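One chain, chain A, links the two complexes that follow: it is found with chain B in the first and with chain C in the second.
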Partner chain A sequence: MSAQTLSEKMISKNHMGINIASVTVGVGILTFPRALAKATSGFDGWISVVISGLVALLIGWLLAKLAARFPRQTFFDYTAIIASKPVAYALTLLVCLYTMLFVSFEIRAIGNIAKQYLFYSTPVEMITLSFLLIVQYAVAGSRIAMLRLNLLFLPVVLVVIFFVLVFTTQLLEIENIRPYFSSSWKSLLEGSKAVGLSYSGFEIILFYTMLMRNPEEGPKAMLLGLFIPVSLYVTIYIFVIGVFSAEVAKNLTYPTIDLAKEVEIPGGFFERVESMFFTIWIMTIFNTCVMWLDITILNLTSMFRKVKKMVWILALSPIIYFVAMLPQNLVDFFAFADAITYFGMIIVYLCPICLLLIAIMRGVKGHE
Partner chain B sequence: MMRKFFAQRRKKKTSPFSQHMQQRQTPELTLSPNLADNLELFRTLLGNPHDLLIRTFLIGNTNHTCAVIALDGLADSDMLHNQVLGHIQLMISTSEKSVPPEPDEIIQLLFEEVLSVVEIKKETSLTAALDCILSGDTALFVDGSSELILIDSKGWKTRGIEEPVSEGLVRGPRDGFTESIRDNTVRIRRRVKDPNLRFESSWVGTRSKTELIIAYIDDIVDHEMLDEVRRRIATIDIDEVEESGFIEQWIEDDFLSPFPQAHNTERPDKVSASLFQGRVAILLDGTPMVLILPVTIGLLLHSPEDYYERWIVGTLTRLLRYLAAFFAVFSPSLYIALVTFHPGLIPSDLAFSIAATRDGVPFPAFIESLMMITTMELLQEAGLRLPKPIGQTVGIVGGLVIGDAAVSAGIVSPVMVIVVALTAISSFAIPSFQLAIAFRMIRFFAMFGAAIFGIYGVILSLIAIMIHLSNLTSIGYPYLAPLAPQMPRDWKDLILRAPVTFLKERPQALHPEDEIRMRTGDSK
Partner chain C sequence: MNKRFALPTILVIVSALLAGCWDQVQIEERGFVVGIAIDAPRTKEVEKRAAKEAPRKPKVKQRFLVTHQLVIPGGLIAGSQGGGGGQNTTNEAFLNLTSEGDSLFEVSRELATRTSRAPFYQHLKVLVISEEVARTPNGFANAMDFLLRDPDSRRSGKVFIANGLAKSIIEVKPKTEKLPSLYINSIGENIEKNARMLPEVRIGDIHEELLNPFSFVIPRVRAEKNEIKMAGSAVFSLYNQMVGFLGEEETEGLNFLTGSIDGGLLKAKVKGDLVVLNIQGTKHEIVQDLRDKQNFKFTIKIECEGILAEAYALMDFLSKEETKKLERAFAKEIERMCLDTLQKVHKEMKVDVIKLGSNIRQKEYSLWKQIQKDWESGQRLYEKSTIKVEAKVYLRNVGSINRSELEEGR
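Take a look at the complex of A and B:
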């Protein structure tokens, strides 16, 4: 173990970018075309995707700047430097709450979707629990190894979505994507808000910059990390609308998976491609989930240094599981998701940006 | 937790190399000037064995008694006759030189002028002399001197060089390592005529005193890793070491992992290629299995033949092998998942015919696969131990039992037989036997996953395996390098095998000190 040099325990710019892309591409991508089609009623939704992508990039850039000011320091540490210890405790605890709720959301999403597309009689509780156990296993290992899983899984997922898109090209109907540029600005902004949920995740830069070899490359990593989801979302949205038309897309629970449903592989080797698609998709939801849980643990251990990582994992898991089981139906579930996102907007976007402003005004900087 | 426990254990045992060399069992004994006393001491220390050769004689025309001690069979008796006894008796009696009166001067004369042996040294410690005699040297005493001369006379029967049985190749050198460590170092030296090739010799096993050699190329290997290997080897504290497996298990990073963390081979070409890549080889006396460290997943899935064949062939074979790895682990579990949970995923015609063949089968798919896979494991194990002629019988009986009788008896379905055959063939396509065993173990894990959660269970078990592999290290090097961590420069020799003219650098994953393989500009 000692042979591993320090530089290898650090992550590079590209790796950070892939982490951001992995955490962003998760459950949101499966559902966002519905919300977007509802809000913009048409093909113009892609503009909303780009707008919210740019907003995410701006916020992400600011967050990366903040984290880069304090290399090798945890979120808790630099919040304490900028805005005193009590504030740091309060904010970090809220962040932990947010990330923990996010884990609950993701594992419940797995349970719901698996129930819909793979199983008919297996209870959601069991599906969710088994997933949570695997997530625990990943978080219990070393942090850098966990982040390396992103490097393994994201390409697989991208290749699969690429195949789905290639095979649905023949189903595209130009009729469906007309008219262009017919939505009002108001509805486009409405749509941007709807896609917002699907971009949440890039805030991991606040916590993982301390692992970066060159923290000042954070903003560039953010650019790469958001470029992948933005281009993916735009393409998927175009395809969903092109294949189903906006009217149909509004009423599909998981339009992206239903897109895979339309795929017919020549030769008929597989049927029901959507099951296979979702099965592979579990990998990226897993990545998202693991990173959220890891960040929760990271923040908790940065506050309470005496408590071991394993203790937190074991202590938090029942709570996460319990919260995940709370929503009774899909409506509850999506309401829960929206609530987390709004909560998160304040905690991980607004507050850190304020912190950055204060840091600039006070001229506080970290030291290597 | 276990890792921490292990690390502590290691820390405790850590001792520098030199210190380790002095940990001897018997207390330090020095020679007495009296020859008879010395001989008696040797006899008692060894328990007066029948294979101990002691020959006393008078030197030249003087009254000085001399003696040689060696172990019969370990020492080369021809050499003792011609170069040692013959020379002493002949030269001293025929040459004009007079024999000096002092015993120490006689020793000096013998050492410098008389004995025509290359490897020879003087020794005062009796314990050290005893160790040398036990490994085949001959000791020469002169009465009255408290020094003795140790003559390297190792010469016992060894097995000839044969083609490695466990790693056959269509194209490639035919020689393999043998049980003699000297022959093995020769096989490596013959291939690596680099002055920077280093053989670091030491011994392991407090009683067996087995010779161990760490081989590396000094200006390529990552010295940080080398130090770690040395440190771990220095912690080895057992009384006997028969095979390099002991070393492997002692120095591995994670003893709970099913994956091998050191690669063993009996192919000298594989070892030399690994040395040139910046890896370390550990040779042990008494076994043809040489360990290569550190291991990355690529090393286990690649075969030397990939490089000997043209690159297109090499690349395609590799693709095939990665596919085989997937089938070897996941085909039974996919069968279970598809048949039990998701018949809808199979094209409907096929689904009907599978259902029809499974009609009379009384067991669920999981039990069916478990039975068949276990039978296959049994056959494989049985065939391994039997002598070759009977082994074939096992193959035929097993083939019939698995293939035909089980189906006609209605115990398993024909599709299951196809799946088992595919699994078995795939796992034989893995070049590393150790990796194939790991896959065989994981296969059961994936099957359980599939039995509980269908295809969802399969993907969860895949994720779990990946988590494990991502955490796994070999001498501190990530197991999945260059995939994770990403080293795109190494990818041309991972799944692809780029044409040799493109492989200009050594694998980055091993941090070689000298990264460049081709220095003379563009190779074209």
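Take a look at the complex of A and C:
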């Protein structure tokens, strides 16, 4: 199957960057100001955003290096070359579990938030299901075409967020932002950990580098791909603190949604700007979700070449849906999110970095 | 064979999915709530009736009498009297519904049993809370919780404290507007015309104030026959309980102290006669001397500029000395007003509504962390501090004329 997609147009460096940015911006954008304000209790949280952005960049750079060593080869292939077939099977299966759980998490997030703010009486099961159906549809088609949707959506997303922020400037209060540089290093690091959860996603470079025209440009793509979320998060955080103050930000379930709700466009003919915000937010979740599901399928097909893509999609969807329905309330749901991220840290950050070290030591390289 | 069945099956399933919309609400069925007034119940009757119905129900300390103001869209159309008016016989654009309960959500849901239009809070403009509710411990915070928590409501509505019954505020029938709530909302926007009004306070701001350890103020409103008057302010302690009112003069002084004046007027006496300044902008700076913990010294520097609006005093306003004299007289008036306000909030009420604590927090964060607990409570460092006011006025322009009358004419 992969031969067919590879015969199509490869993706460029910038496109890869956009893919990374699209997958990173997801559910975290709504909640990270709360976690960050709680940890750093103030404006200084922006430093945490930058710190964890740099850490993410370092990890991402290593992952990109690993993937670039083996051009045109899947994650399963190069893991097998570096560390034997059985290890590759085990690791790739764990990665599939991780990415699948991520899809569950994202579709449940859509369900939860849409239910809370948009559909009061529609069952969350129904919202989640309909979203999953669309995601299935997107994954079923050509991979490159699906990735091209990111190019289409991300600019819209950024423009609308910019628009929302511009209209909240009148609510910014300098007294909420002061004092500067008052947090201790410890709290800043704690904040970095909190916001780090919202950066997960850039590991897609491990799997999508094989689609890149010039795989050695992966690290540069990572730079672009992380620059967008870092600057977006810093801006949003500054606005959330400036508009709400740290105390309030700590006590809002979804601070970024409330920021969009605060917007008042003078004239009074257009009052509910958050409806626009929800639209673009659902677009970003859609992108994230589609890429995660696609990577799951990509890894599975790389292991079991005989099984068709469609079979995997239809077989996995019920499991994904079932897992998505497991968290019983908001607290469970957030705990679920944290658990996935910690799991992911081992599976897609730590293990691949170990693989890279082994590859360097043993001098293993892919064939062009 | 397969394909012949597949298509119709999919069509049937899809159409079944399309037909249902759980959240369909026709716009005609929405009751747009534009104003809410929260009072304490006048009588115990409803409470007794409720207790009779369910004697074992747990009792709560506080009950609210809540009035919702719903919009009747038909009444908004100008000149729709008679004929096509339909069910709306009085031709009013609003409907006030009052219910009693111990939770605001309960009251909101009870409205559904009484009106064809279920309440919808997205367009809430005005929230009026009565003095009585605000004065009970935690009463104010309890009354705010529902509106802050409900994902359906917004944080941009404006909050006022009623001097007397809150219900009577949204019941006034203004001549200029169809909806009392919008009328109150528009008055709140006139701050640049009058310095005696407090800048508007939004529901979101209240959340901030409830969470932070400072005292705060909220605009006060009073109902008169066909109008309301919005002047003065209600003062809340750091425990979020109302402790008293500030009058109009005192509110003006407070506005000068906090630097929140955009416009207004200032009267002073020069040579035994009145002169009036049209304020066009103020600048405000707090200089703090925090060396002695038991006696913090604050100097609030106020710079104010404006043009001469009215003058009964006979003098040559274009001369330099006379202008200086005028400026000094206005500055003295500002200082007097501020000191009067300080006398009340600093010495009598002992609340830090000038936000000096916030100023320390912003500029000397490490010190603030130490004294946080001892500012308005504990050792009461705020009370022990000294506050000075220095005002400076710049008279930019004297208007179209110099003199309106000559001295010989008197």
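The working rule: the second predicted complex is superposed on the first by the 360 of 368 C-alpha atoms of A that agree within 3 Å, B and C clash if a C-alpha of one lies under 4 Å from a C-alpha of the other, contacts with A are read in each partner's own complex, and residues count from 1 in each chain.
In this text, a residue touches a chain if its C-beta (ideal position, glycine included) is under 8 Å from a C-beta of that chain, and two chains touch if they have at least 3 such contacts.
These numbers were taken from a predicted model, which means no experiment stands behind them.
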Touched partner set for A:Lys261, first chain B, second chain C, both or neither: second
Which superposed partner A:Arg34 touches (first chain B, second chain C, both, neither): neither
Which superposed partner A:Phe119 touches (first chain B, second chain C, both, neither): both
Touching partner for A:Asn251 - first (chain B), second (chain C), both, neither: second
First (chain B), second (chain C), both or neither touched by A:Leu152: first
First, second, both or neither for A:Ser142, with chain B first and chain C second: first
Contacts of A:Arg69 with chain B and chain C, given as first, second, both or neither: neither
Which of chain B and chain C A:Met276 touches, first, second, both or neither: first
Which superposed partner A:Lys13 touches (first chain B, second chain C, both, neither): neither
When both partners are placed on the shared chain, which of chain B and chain C touches more of chain A: B
Common interface positions of chain A, toward chain B and toward chain C: 118-119, 122, 126, 130, 271-272
Complex contact set, residues of chain C against chain A: 17, 22-23, 122-123, 151-152, 154-156, 204, 207-208, 211-212, 355, 358, 361-363, 365-366
Touching residues on chain A, where the partner in the complex is chain C: 116-123, 126, 130, 175-176, 178-179, 182, 244-245, 247-248, 251, 258, 261-262, 264, 271-272
Parts of chain A lying in touch with chain B, wherever the complex brings them together: 1-5, 8, 12, 14-15, 114, 118-119, 122, 126-127, 130-131, 134, 137-138, 141-142, 145-146, 148-149, 151-153, 268-272, 275-276, 279-280, 282-283, 286, 310
Chain B residues within the chain A interface of the complex: 1, 7, 222, 224-225, 227-228, 253, 341-342, 344-348, 452-460, 463-464, 466-467, 470-471, 473, 475-478, 480, 483-486, 511
